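Chain nomenclature is as follows: A, B, C and D, assigned in order of appearance, with residue numbering initiated at 1 for each chain independently.
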Amino acid sequence: MTEGSDVSDWWRTSIIDMEPGRIDIRGTPIQDLIGNLSFPEMIWLMVMGTPLGPVQAKLFEAALVSAVDHGPQAPSIAAARMAATCGIGLQSAMATGLNMLGDVHGGAGEQAIALYHHLEKAGPDGLESGLSEWREAHGRYLPGFGHRFHKPTDPRAPRLLALVDEAAEAGAVSGAYAAIGRMIEEKLARDRGAPVPMNIDGATAVIYAELGCPGPVARGFFGLSRSVGILAHAWEQTLQGGRNKGPTPPHYRWRYTGDGHSN
Amino acid sequence: MTEGSDVSDWWRTSIIDMEPGRIDIRGTPIQDLIGNLSFPEMIWLMVMGTPLGPVQAKLFEAALVSAVDHGPQAPSIAAARMAATCGIGLQSAMATGLNMLGDVHGGAGEQAIALYHHLEKAGPDGLESGLSEWREAHGRYLPGFGHRFHKPTDPRAPRLLALVDEAAEAGAVSGAYAAIGRMIEEKLARDRGAPVPMNIDGATAVIYAELGCPGPVARGFFGLSRSVGILAHAWEQTLQGGRNKGPTPPHYRWRYTGDGHSN
Amino acid sequence: MTEGSDVSDWWRTSIIDMEPGRIDIRGTPIQDLIGNLSFPEMIWLMVMGTPLGPVQAKLFEAALVSAVDHGPQAPSIAAARMAATCGIGLQSAMATGLNMLGDVHGGAGEQAIALYHHLEKAGPDGLESGLSEWREAHGRYLPGFGHRFHKPTDPRAPRLLALVDEAAEAGAVSGAYAAIGRMIEEKLARDRGAPVPMNIDGATAVIYAELGCPGPVARGFFGLSRSVGILAHAWEQTLQGGRNKGPTPPHYRWRYTGDGHSN
Amino acid sequence: MTEGSDVSDWWRTSIIDMEPGRIDIRGTPIQDLIGNLSFPEMIWLMVMGTPLGPVQAKLFEAALVSAVDHGPQAPSIAAARMAATCGIGLQSAMATGLNMLGDVHGGAGEQAIALYHHLEKAGPDGLESGLSEWREAHGRYLPGFGHRFHKPTDPRAPRLLALVDEAAEAGAVSGAYAAIGRMIEEKLARDRGAPVPMNIDGATAVIYAELGCPGPVARGFFGLSRSVGILAHAWEQTLQGGRNKGPTPPHYRWRYTGDGHSN
């Protein structure tokens, strides 16, 4: 990029190389990628540094499509809609929504990948002991299974798993993590005497694990996916108008729980 | 979604409808979209509310692919890389980078769309007068043309325009905005006696205008696209390590320009 | 700070100078400021570059104290509380809340300063014409006057104005902007036949104008002040617990306004 | 605040109570706080819920004053300055800077408080074993001691400690955490045969521990303090101008470390 210099060396990347008139992404001129790579293929190439086969790319695309939105009660969406009424730009409103995502909101996918890897190491006969170890370290709740709202079934999960099965049949992925996920599902159903089905976090975690994507990156991919919903809602709110939109109709206000004046 | 209530009415959306076990996006069950819609098609459906034809979707995809990155000297990318060394999550690092985008950084595309619309209203014989009016209102600089770095040509722009031409030949778009963009290009070259070619902002603005996308939304789409580069760089920096990465190697520090102690 | 270098020169500041073992703020060793300067005096010195007299500092302090909070229905506060349940750090939750502030939420103070400066230029006999000009350019609504909630009076405004009067009597400020603000108040009352009293934005704008603070900086100071409430609420919510707190109790959900499934 | 309702109950706070014309902060009308409480006293009251004695308030103020800035090489400051050239508002630029603060950048103070509390429990004779336990759990590095830049001494630390001593003499604080901090300092000097003096994080942690402030809140207070520097630098950069300011002068660019084109 430039002559040797400690200043240039302070910023090192293998993602992009540039000269006037030339932009190479992961070693390929960008004009050869535009129109030839799908957006999911470009996302994967940028972040992971390697190309993705066509069947794998479809699987990745399905994961990205599935997580775009869960409605205005999700903190990320609500915040973006409120931000859109506060007089900041649409991109800042997007950043406000995206900045809500963390260990709790949008973190379960990464945790589910870790759970699958843990059980993979425990081996086919180690499900029982592997789950016990996991729960001792992380608590009773298993990330990626059950849903407080979508009962009995999160409609996205079986559809995503069916796509994993198709990709496994086509030899594009091993199917090992789908099998682990289903073993957990069956075990939970046996233990509880009622189904605790895989949710979207568990199902996208299967896909990301099948594709060899590290947990933190899976969380980043969730961020990209949810950014779509954040943008859609911020824009819809912009069209609806409003100024300083609060969380509830103004006349409800809040419950004061301190001493002094009571209501 | 729920029984009539002023509380539910406070949050109104036509994007998503839900019941336990059911998620409809723009009126279609999400399991029917997963695996069938491409990610760009889902983005458009979510934000614009209408489906996009297959050729148009490819054009949109090309725009999304083209703007993912411009290297670590872009403030959005630099900020995300620094953030990745500060001990916040990857999604917060993404938000930090995304929050750099505004009227100046990532705003030229929206402005170029406004310019094209202005010239469209001025009509085929109104280029000269239309440009004069624009410059009187907005200053001499025309958004979307020329590049301080990519000389003579931004390699992304001709590739994107070629894809617009193909789509126009296929009847998927009118080609009207590509024509306007080229008229501006020719006029600038005549006036300056040297080429001032369309850059990526001008070329993606052609695509967004051809697709009927409002200016602010085009800026949001740029945010989605650049988020890919932000994530890729934040992750690469995470792997490189570092703590509290500053903008330059530490021994350079900064120039103190105040009174008192001098150096 | 370092030997001459274009790299160091890229970052120029008169705010801070450092060497190993030495930190000077605006030319004074920081250990001479710690314990001697009040926090408001330090804020002013840092941002404006000049010291503030003791009476003026008290006035500035009153403005900072007055704007810390307006309850959980303010988007900035609601977003910070929701963020505190999403598994990001307290400082990221603060950033989420702060990032809600813009032209609409927290922008009226800057606009009120602009209004006062406009009327100052119009002169003592130009109130009528000055207001007409302002309204032609910016719309009927006058920033800083009236309150959708605090009727008849925003309790912060008269208290702040009384402190300006005291400072004017002490010769620390001119009182010119308090006079302009009151002229507007009287004119609005005459025109409407009912009081439209100055609100907190109008009153803090009087203080910032009296102190010679530019409009955008006044907005930044509002951000510092409101950050206190943002932190307080984010911490209280942290102690209350909760996961992925949405804007309303979950069973209310939202109103779906699209076609397809109806409810 | 309102009639009993599950909607109002969803937002519960003991910080603020309001009716039209009335704003009570922690049970006191806000007009009685404005002009009477210092800004640090208001910050403490808001966040901690209890008043602070005058000597304690001075100590808290010193901590807030001491941490406002560490120059443009700190990621928070650099990001805010870059943001100020990207066409977003000053408050969004502040949010961008603030969002850099996390476990690594601005997290040492919280960790130092945890270290002090750990050693407090270990008791006066448990320094050796307490430090060993801490290092086994958290690694060799002790938060709050040593500085990569300020050698031999961070000028803020001794000044802050002297103020703690004065407050302890006045009976406003116990001085117990200052003693623990100094014990660590002496131990480190003995072990290394060279001074590893307390830095600003260690010294402000002493103050926050003396005042009974939980670790996460101390980190929030650091965020409030550093926001001052973030605002000052964002504003100075705004006055300096620039567009899309990157981290280094543009001609340096970055080091490409991938395959393909080399430079």
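Going forward, a contact is a pair of C-beta atoms (placed from the backbone, for glycine too) under 8 Å apart; a residue touches a chain by one contact, two chains touch by 3 or more.
Keep in mind that what you see is a predicted model, and the values were worked out from it rather than measured.
Of all chains in the assembly, those touching chain A and also chain B are C, D. Least step count on the touch graph, chain B to chain C: 1.
The contact pattern of A-B recurs in C-D, the pair among B-D, C-D or B-C where over half of the contact pairs coincide by residue number. Chain C and chain D have centres, each the mean of its CA atoms, that are 22 Å apart.
Here the spacing of chain A and chain C, counted between their Cα centres, is 36 Å.
The distance from the centre of chain A to the centre of chain D, with each centre set as the mean of the Cα atoms, comes to 31 Å. The residues of chain C that reach two or more other chains are 7, 9-16, 18, 22, 71-73, 78, 88-89, 92, 95-96, 99, 101-103, 106, 149, 247-248, 252-254, listed in rising order. Residues 1-2, 5, 7-19, 22, 24, 26-28, 88-89, 92, 99, 247-248, 251-261, 263 of chain A are the ones touching chain D in the complex.
Residues 7, 71-76, 78-79, 82-83, 85-88, 92, 95-96, 99-107, 149, 243-248, 250, 253-254 of chain D are the ones that touch chain B when the two sit in their complex.
On the chain D side of its complex with chain C, the touching residues are 6-7, 9-16, 18, 20-23, 25, 29-31, 33-35, 37-40, 42-43, 46-47, 58, 61-62, 64-66, 68-73, 78, 81, 89-92, 94-96, 98-99, 101-103, 106, 149-156, 158-160, 162-163, 216-217, 219-224, 227-229, 231-236, 238, 240, 248-249, 252.
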